[in-house]
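All remarks here apply to the structure that follows.
Labels run A, B, C and D following the written order; every chain starts at residue 1.
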Amino acid sequence: MKAFGYVAAKDVGHAVALLGEHGARAKVLAGGTDLLVELKFAAHGLKIVVDISRLAELKGISIIDEGLRIGALATHADIMRSPIIGDMFPALADAAHSIGAVQTRNLGTLGGNLITCVPSMDSGPTLMALDAQVTYADGRGHSQVPLAELFVAPRKTSLGPDGLLTAIIIPKANFAKPAAFQKFGLRKGQALALVNAAAAFWVDQDKNSFVQPRIALGAVAPTVIRAPRAEAFLEGKAITDEVMAEAGRIAATEAKPISDFRASAGYRRDLIAVLTKRALQSAYARASNKVRESVP
Amino acid sequence: MIDVTIVVNGETRRASVPPETTLLKLLRENFSLTGAKLGCDVGDCGACTVIVDGMAVNSCLMLAGQANGRSVTTIEGLATRDRLHPIQKAFEDNGALQCGFCGPGAIMATKALFDENSDPNVKDIRDALSGSLCRCTGYTKMIEAVQDAARILRAEAAAKPRQLELSK
Amino acid sequence: MADEPKVLERERPVVDEALLRANTDQNLPAVARRESVPDTLVPQARQQTGAVGQRVTRTDARQHGLGQTRYIDDLSLPRMLYARIKRAGIASARIKRIDTSAAEAMPGVMAVLVGSEIPVNSFGPMLQDQPVLADPIVRHAGDGVAAVAAVTEQIANEALEKIVVEYEPLPAVFDPVEAMRDDAHKVHAPASNIYISKVIRKGDVAKGFAKSDHVFEGRFSTQMVEHAPIEPHAAIADWDANGRLTVWATNGRITLARSDLARTLMLPLNRIRAIGTIVGGSFGGKNEISQEPVLALLSKKTGRPVKGVFTRTEEFIATTTRHPFVMEYKTGVTKDGRILARSVQLTLDGGAYCSWTETALGKACILAAGPYRIDNIHCEARAIYTNKTMAGAFRGFGAPQVCFAYESQMDDIAKALGIDPLEIRLRNVFAEGSPSPTGQVLHSVVVKESLLQAAARFGWEARS
Amino acid sequence: MKRRGRGIGCMWYPIGFTVTANPSSAVVKVNEDGTATVLTGTVETGQGSLTVLGQIAAETLGIAADDVHVVSADTDVTPMDMGAIASRTTYVTGNAIRLAAENAMAILFEVAGPMLQVKPSQLEARDRRIQVKGFPQRSVMIGEVANRAQVTLGQPPIGSASWNPPTVAMDPETGQGKPFNTYVYATQIAEVEVDDETGEVEIIRIVAAHDCGSPINPTLVEGQVEGGIAQGIGFALQEEILFDGKGLQINSNLTNYIMPTTLDLPEIVVDIVNSYDPTGPFGAKGVGEPSLVPTAAAILNAVHDAVGVRITSLPATSEKILTAIKAKRAADQKQISA
């Protein structure tokens, strides 16, 4: 690796100030699983690495007034182990589990995964399907935006040069909303997603129909995307395998997958349809189990 | 240069290194602990796996500065002078390693698994070792060795209270 | 094999006390407990006679487990320098100029080396067609073009960036079938891109096909594969003041490594010592020299030992690979599934250099008809140069490729004739004394036994 | 839907170089306490060759594996060897070591003959003793003999030998000849599950029955086969070096070059076929390379059995398989409507 400076930030303000001072010549070090790879290969003109990995204020998974707050520094392993997440958002734990391997899940953070803004990230779709918000700090203070607004383009977020992602919030209204995550890679271990998909919806118990369905897809467009037409198709429909399969087919038409060395666009479309259907089915199975559990 | 103080295998070690030094480089070059290996340098192969504050990590993906003030266990820290760690013994007995280059990483990943789960099933074991690439073994004997080691460790844990009683 | 194994009493005529102590200290390992091994064999296999047939634990297992095995990258010598090689990054070109001055001027850079400085700049187990560092022709993107020795790896890496290489791009060819055309770019101009061929002919295939009830044809292809040992190629060279060269290398064949070093460096063999430590996986990928002559010359220039360790990228782009194959199979059978004739055409993509292609081609050709008694065989194989990473020795030398083809076709034949896949193989396989495609009388043939044993363990039952 | 299938791969494979001489040399020194040191120019690349070679020396000398130390891979110290290639180490180097050990043993028998008052030809080495054939009670410790040979008689028991597998050149026109001295045989059977919506292949299990002659060390044989199968799985389904249009590799890293992980491997069952090759050391042949040869064939035949598609180009990625499944469906549809 080439030489660079290193500062362990004392707090969020300090980190933001350092980022403001050095702009593009500074990089944030959280888990390091992406940053170090980048630094080892890139002919970077980097001046300074701002290590935020010890900032307690960016850690922790807890329930606050607004909903569930996941600190940006929560690692994928933290998310897998969190009893709150396991109970309310198992899909999120599944997504975390699908990332890398034990060693990288222990280092890699949720905030870091989102901030890379690679289309194939595994954290994005489930959070998007759960209408997550993100909070960030910059020179102007603290702000909050929907997660979808964070993603601009591959490897480009809406944060300014001094922006620092601080937390992810899943709104209270979506607590325990049945959801599921599906991923397809070229192998089972350490897989990168060729396509991933998340689905979340409430079930109208009387009509057994979809309420507020959400579908989010990864690796099939410049950023993680929602599939609004598929969602609209589902809203209010009775839950059947055929309806879920049709939603998958619609979602496939909404994506803009590319062909690359991993897979062709056509194959990715096939996968979107299948994974969307399976995410819906699996979320529905979770919803049914919940109902069964609650019946005395 | 940055100064780091790290407890490595129970011993406090200090070094002054350039900021871009990885934990792996620090261990191998400054502390002469060459058990952790460099296989890919980007966190794919797991040959550099060490345990930092109880967690298995790729030491090639951690800066020395990040490890400052933490406790690191490497493969050199498992055995005592009189005794192999049961994982090391089981790997040896089962023929779990061939060229051995992935071994230190796989054994440390196993150690981290046992710290969390003393009775892992095959699926748990495969999951825990999925970050340790091995080109020689097909992992078959490695998984058997991990099962063996788990049995030994559980038996030892069960025997301990009894030994205490006996000594009373 | 010897009789019933015995665990021996340690009874020693000389110095037994000391030895006994040494043995207790070692805390001798037991061996694996497996269901198929009687319990009596389990303990102390290392102490048993006869030794053959025992599940003896590996002699290196203890150190492997302790992390104490010393691979090349774990070694370091006083005043040792680190070398890095600049890769061409262009698949086909003529080097017009290399400017190393900026690199040489860097503090910490102790020496730079280019191809023209290598006494005999070519090597290879069969054809010596591969340069140690390209000069002046680059034939694949992973060719080395210059090397640096510096006091740290970081400085060596930065120095590589300061070496300026000016290329005149040349036409390139990447597809072996295209490369066979007369007008294709010649990778080793003016020689043909078809650089080795082999034929095996037995009986009369035309007659065999004529007598066949059915003839099956198929085309199969396979890809380029990397050995991917977890340990990258590594070496240390130490050219001492007596003009003696010691090289520690991850090389599975030190006898050949030494003669290749002697040839490239024009040194008598007795001035070279090649040492192989335990190699962290080879699979055929560490069967020849790669960076060793470069390190040796950098050591000679600087008077200091020089270490080189390939990056994972170099493992892919600058070491040998498995040959991609294109295979045409034509097989004639009777209606009850006996193979009467088989003709095979094999085209091997050898990449930029020959390496072990002759062996891969030869073995593939000999094995192409499968482990089957076939009276009429015609197999032709040829190897083609392309501007890609060179293919070489890789576990199986062409056999996995042809096996994929002949066994796929075997199932197609079985299916078409309505014969169980196990049964059709049993009807055709070699028996003791069967003649091979090269007319060799085979001995110790247990192919039928392997089929039956695998089928029994699997629980294979014929489906109607 | 997931569909199951099974497939066979059967193969043969030669041991040693093709026609070309590929000798190995070895030196065996019996120390004055009855332990031994072996010098070999081969290199341990992970197969366990040094362990196996030590066992061969031990067996010949009638001592235990632990009594033998193998020194390897130093051209200043160890005799020439063609090296760790062509599945030849056990067979070729093993034979050289066996012969070298026999030569060392011959010196010991010469010395032990008078001690036991029989001819050297009536002696055998067994259980760390030299004994009269048929009269094991008349014996003397090897160490005692070795010590007497070296210290009293000045005849250190050191043997050296070389071995090269005999071959006959192949006719350039017809290829007829005897390129190798021996071959091994093997069968692998794979059971797979193919997801017909994604083309994904899950290998459920692989059963392998390999001939390696008589195994010197069954654990190491199994290890070779298991590891070979893992490489065979990568070859069958996942691994490929890819190039762009300019001849530059695209996926030259372990992130994008898809090598199997623990989660990609099935249960593997290895059987060693009962076999004895009189030309090998104690009946042994070799096993290094053959282990991966039939794997891809078995898997692809199982895929064919599961979903009825024949994949003719490797690797059989899930995309290739799904494309073939879709093409087959379309063709079947046509047939029905026609």
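By definition in this document, contacts are C-beta pairs under 8 Å (C-beta built on N, C-alpha and C of every residue); 3 or more make two chains touch, one makes a residue touch a chain.
Only a predicted model underlies this, so the values are computations on that prediction, with no experimental measurement involved.
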| message | Tell me which has more C-beta contacts between its two chains, A-B or A-C. | response | A-B
| query | Which chain lies the greatest distance away from chain C when centres are computed from Cα atoms alone? | reply | A
| message | Just the number, please: Cα centre separation of chain A and chain B in whole Å. | response | 30
| Centroid spacing, where centroids are CA-atom means, of chain A and chain C in whole angstrom | 42
| query | If you average the CA atoms of chain C and of chain D, how far apart do the two points sit, in angstrom? | reply | 14
| note | Cα centre of chain A to Cα centre of chain D, whole Å, reads 47
| said: Touching at least two other chains at once: which residues of chain C meet that condition? | reply: 31-32, 55, 57-58, 60, 154, 228, 278-283, 312
| request: Identify all positions of chain A at which a residue touches two or more other chains, and write them in rising order. | output: 1-3, 101, 188-190
| chain B: positions in contact with at least two other chains | 20, 40-42, 44-45, 95, 98-100, 126-127, 130-136, 141
| query | Based on which chains are in contact, what kind of graph results: line, ring, star, complete or other? | reply | complete
| request: Provide the residue numbers of chain C that touch chain B in the complex, in ascending order. | output: 27, 29-33, 55, 57-58, 60-71, 73-74, 154, 227-232, 278-283, 309, 311-312
| Touching chain A in the complex: which residues of chain B? | 2, 18-20, 22, 41-44, 46, 49, 55-58, 60-63, 65-66, 68, 109, 112-113, 126-128, 130-132
| task | Show which residues of chain C lie in contact with chain A when the two form their complex. | result | 154, 158, 161
| request: Would you pull the chain B residues touching chain C in the complex into a rising list? | output: 20, 28, 34-42, 44-45, 47, 74-76, 78-79, 83-84, 87-89, 91-95, 97-104, 107, 133-136, 141, 144, 148
| field | Contact footprint of chain D on chain B as seen in their complex | value | 40, 42, 44-45, 95, 98-100, 125-127, 129-143
